[in-house]
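Two complexes come next, and they have one chain in common, chain A, joined by chain B in the first and chain C in the second.
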Partner chain A sequence: MRVGIPRTLSFFTLYPLLKPFFDGLGVEVVVSPASNKALLDEGVKDTVNDACVPIKLFHGHVVALKDKVDVLFMPRIISLDGKNTLCPKFLGLPDMVKYSVSNLPEIIETRLDMKKGKMEIYRFLYRVGKRFTDNKVKILRAIWHARYKFSRYRKLLLKGLTPEEAFTCLHTGQEPPHKEQSGQIKLAVLGYPYTIYDDYISVGLLDMLREQGVRVYTAEMVPEEAMKRMSKKLPKNLFWYYSNRVVWGSQYYINEQNIDGIIHVTAFSCGPDSMTNKLVELEAKQHQPKIPFLTITVDEHTGEAGVATRVEAFVDLIKRKKGII
Partner chain B sequence: MQAYLGVDVGSVSTNLVVIDDDGNVLVDLYLRTQGQPIQAVQEGMKQVEEAIKGKKIEICGVGTTGSARTLSGVIVGADTVKNEITAHAVAASHLVPDVQTVLEIGGQDSKIIILRDGIVVDFAMNTVCAAGTGSFLDHQAARLNIPIEDFGGLALQSEASVRIAGRCSVFAESDMIHKQQMGHPTPDIIAGLCDALVRNYLNNVGKGKEILAPVVFQGGVAANVGIRAAFEKALGLKIIVPDYFKVMGAIGAALLAKATVKEKGETNFRGFVVSDLEYQASSFECQGCPNLCEIVNISVDDKVLARWGGRCGKWDTLSKTG
Partner chain C sequence: MKISFPYMGTSHIVVSYLFEKLGFEVIYPPTPSKRTLSLGVQYAPEFACLPFKIVLGTYLEVVEKGAEILITSGGCGPCRAGYYGELHKRILHDLGYPVEMIVIEPPLVEPLDFLRKLHKIVKPKGIFNLLHYGRIALEKLKALDVVESTLHELRPLALDKQQINQAYIEGLELIRQADSVKEVIEAKKAALEMLESVPADHTFKPLRIGLIGEIYVVLEPAANHDIERLLGERGAYVHRSIFLANWTRDNVLAHGEKDIRAMAIPYLNQMVGGHGQNSVGEVVRYAEEGFDGVIQLAPFTCIPEIVAKSIMPAVSRDKNIPVMTLFLDEQTGQAGIETRIEAFLDLLWQKRKKQEAS
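And then the complex of A and B:
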């Protein structure tokens, strides 16, 4: 039995929970290859026209997997933190894919709604597990194992590892290499994990910044207690999980971490980001002194040059301001 | 005399300037790129060589900018390869030291740069759309059968400009055709187009930016008096167009080259021989992975000088510029 997991969207959040879980059930996990041009082209062809790039890419990943697996894992994720929902496209993802891509294998679209309580994550995994085995002990043991790996993953991200580096650590069981970022300036790069950690979609933004002597900080490196504190700052929060984390992350870095600048990475035509982007911008502008702010919009076109010019100019601006060059 | 060369290769024009140690412009050249950046740079180098012949000018450093900055940097042997925003800001604050806002409209991009106390504090560039850039004006001028040089002057003759949608160049064009068919005089339509372009620029590129005087307007489109007037009307501020508005990017690149060379003490400049060398540009599609990157090779006499275009490091073994 092989289960396919597309390497995008919630992948960067949930994979370290799912992988050990399926391993524990004795189910082989197949992950789609890293995003690339062929996958995106395929996705663009199949997806409804007005979807954002990450959703189009998701369709591409589904196409890449569909003939290689017995089951496609595509849960309907309603809420991950018990308070906020995800973007409507996540909620309707299984339906969207089913009606856009033909010849699909069986789809597991189990609902995950953490608003039902803290134990819901275990009930969710249990429901998924039932699809593969009737052996309750086996499922419970797999859940226990997955839980441990998952909490370790979150700790690795807090230490500043990228998801890919953290996956390697979890897989090999090795301690993470001690990683002290070097560079003269500190930038917060905020955006959804599936845009900033997907090198294809972000046109290698994180590496581009590091090469220019930038220490990069992301929302995944913000401790949970700090996120909680930030969530009380605005009179009203946004509705969406990932968007809130971007806003809270920006507040944390601006007000408590003495960051030199903020880059908000957004996908063209992202609905929630129309508000997220403005909130982050206002946060950066209201701070005294003003924090330099840049929006990077990613889209289907693979225009690395456009992103490179903006990023280079932004880094120049900050370095000149600080008197480094 | 020690001098520095700046090269700005953009989508429409290729500009070269030579400045002296104090930043005075000795030579300025504005050529059309015509889709042939290598030839344009070589032609420019030839003309620069002519212009400085016998004047005891020694090129001590060279900088490149513009969308073909990496390519031109390889050809001339650049000491610094910089993005257009930094280059334009450096040039503007050199010529107008207390500048607070730079409006730049070029062939295919437009940008706004906000400076305070001589330091860039904010900037923006147009996103995916090229409405409201020089290419669009060029195109419309050609369609109306008016030389682009006369375009702005005609706009000033208008007494009542018509309303044209500036959001998208395709729709702007249909709007203009409609107004023509209705019988509006050409100057009114052109003035309307200038207003629309400025409106689009201020709403898109200039969105949320604090535009304070002195405002410097540069880039090829600054030649257009109609657009200048439309900016003054929309902003209620005086617009300064520097003498060398067309070649500001190149001036910035030269100034940056000067600073770089002063620091490292030597130049990589390949000399004016580059205008006679045979540069070959070839490209191929890498089949290493499904990304199918288009890799470009720049070579002289079958020796590869530079290579770029790949997403991974596979083809980057040669020195990396840009």
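And then the complex of A and C:
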């Protein structure tokens, strides 16, 4: 039995939970390859052209997996924190895919809605597990194991590891390499995990910045209690999980971490981001002193060169302001 | 205090009436124009949906004219509309307009907040005043709906389209002027008579088209290039899925429309905000009621309608009903819309001929 997990969207959040869980059930996990041009082209063919790049790419990942696995794991994720929903495109994702891609294997579209309570994540896994085995003890043991790995994963991210690095640590059981960032300026790079940690989508932005002597901070590196604190600062929060984390993350870096600048990475025609982006821009602008702010919009034609030029100019501006160059 | 509000379809007739009676000086939001849109586009985020841009443009026009309070509806997701008010406010403040923005959240979701804001709005003249004029306003909403749907029925039959369009405009004016429930009912009657007196060919069997999609672009001619008129003048009867009065009842007062959602469930078993799930359900309903086709209107980047559109081909195939989706943004031109409409109508006529032949 092989289960396929597309390497995008909720992947960067949930994979470290799912992988040990399926391992525990004795189900082989197949992950689609890292995003690339061929995958995206395939996705573009299948989706309505008005969809955002990440959704198109998701379709591409599904196509890459569909003939290699017995079931496709594509849960309907409604809420991850019990308060906010995800972008409505996540809510309708299984339906969009089913009616757009033909010859799909069986799909697991189990609903995950943390508004139902803290234990829902385990009930969710349990429901998924039932598809593969009737052995309750086996499922519970797999959940227990997954839970442990998952909390370790979050700790690794807080330490500043990228998801890929954290996966390796979890997999090999090694201690994380000691990562002290060096660099003269500190930038918050905010965006959805599936845009900033997908090197193809973000055209390698994080590495690009580090090479230019930038210490990079992301929303995944913000402690949970700080997120909570920040969530009380705005008169009205957005409605979407990942978007709120971007906004709260920016609040944290602006107000408590003395950040030198903010880069917001957003996907072309992303609905929630039209709001998120403006909100963060205004917050950065209204802060005393004003925080430099740059928006990088990525789409299927984004080239590394174009992004590099803009990022370099932005970094130079900040360095000059600080009197470094 | 000078008050104003977003412009959408014919709702301004009722909203301005109510606020005047509540004792406010109303700054009339102008019919959205090219200028409205370009103002909105200039100051709104690039990928904000079209309604956000037009409404921002409207706000900028009314604050120029001195509006001090803007009043609008809120919401709690999962779609963007619920955040419009908050972000509009921030953008206006950033541009240096110190307007007060009153965002009314749905009473069932935020009862206390609702009452507080209601109190603030109603205070000058008291609650009985509100109840009295509220009833008249509701009657006006209903009258507008009836007159409008009669227009949709008669326009394809009318011999002189100009004449019926004119009759409609005059009818609206009568309703606007009415100042008691009795007067509203009389105005409605008179408006209907005016529409019916336009010479028409009652033997003509027009194409029947359902109009679905996101509420603002469905209701606001300035956003959809007056698509109802374009269709009506080309001999199609348009049935609009959303009317003001039923929408107000279902969405402002409570979460309604269960039946339509139930029809969507086989295809989309999840609310996705806005009218996404309704759009899917409505196609099923129109197919079952024997309509010739459906047109889906959606602002560019509209999340729920994009979800709905991805599912549409399957619904359309299963139910054997053609569906055309028009995504609208500031670059959409009238000519383009006309061409696509005409091609769609041709297709529907051919389909009907084939059916009649067999």
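Methods note: the second predicted complex is superposed on the first by the 324 of 325 C-alpha atoms of A that agree within 3 Å, B and C clash if a C-alpha of one lies under 4 Å from a C-alpha of the other, contacts with A are read in each partner's own complex, and residues count from 1 in each chain.
As a working rule, contacts are C-beta pairs under 8 Å (C-beta built on N, C-alpha and C of every residue); 3 or more make two chains touch, one makes a residue touch a chain.
All values derive from a computational prediction rather than experimental measurement.
With both structures placed on the common chain, the touch criterion links A:Lys179 to neither chain B nor chain C. Once the two complexes are laid over each other on the shared chain, residue contacts for A:Thr85 go to chain C alone; chain B is not touched.
By the touch criterion defined above, A:Lys290 reaches chain B but does not reach chain C. Within the superposed three-chain model, A:Lys68 lies out of touch with both chain B and chain C [touch as defined at top]. Once the two complexes are laid over each other on the shared chain, residue contacts for A:Lys115 go to neither chain B nor chain C.
Using the contact criterion defined above for the overlaid structures, shared-chain residue A:Asn36 touches chain B, although it does not reach chain C. Chain A residues in contact with chain B (one complex) as well as with chain C (other complex) are 268. The residues of chain C lying in touch with chain A in their complex are 44-49, 52, 76-80, 82-83, 86-87, 90-91, 94, 267-274, 276, 300-304, 306-307, 309-311, 313-314, 327. On chain B, the positions that touch chain A within their shared complex are 67, 82-86, 119-123, 125, 127-128, 208, 289-292, 311, 322. Residues of chain A that touch chain B in their complex: 33, 36-39, 199-200, 203-204, 268, 281, 290, 292-293, 297, 299, 301, 304-306, 308-310, 312-314, 316-317, 320-321.
For chain A in complex with chain C, the touching residues are 47-48, 50-51, 76, 78, 84-85, 87-89, 91-92, 95-96, 99-100, 235-236, 238-240, 268-275, 277-279, 282, 285-286.
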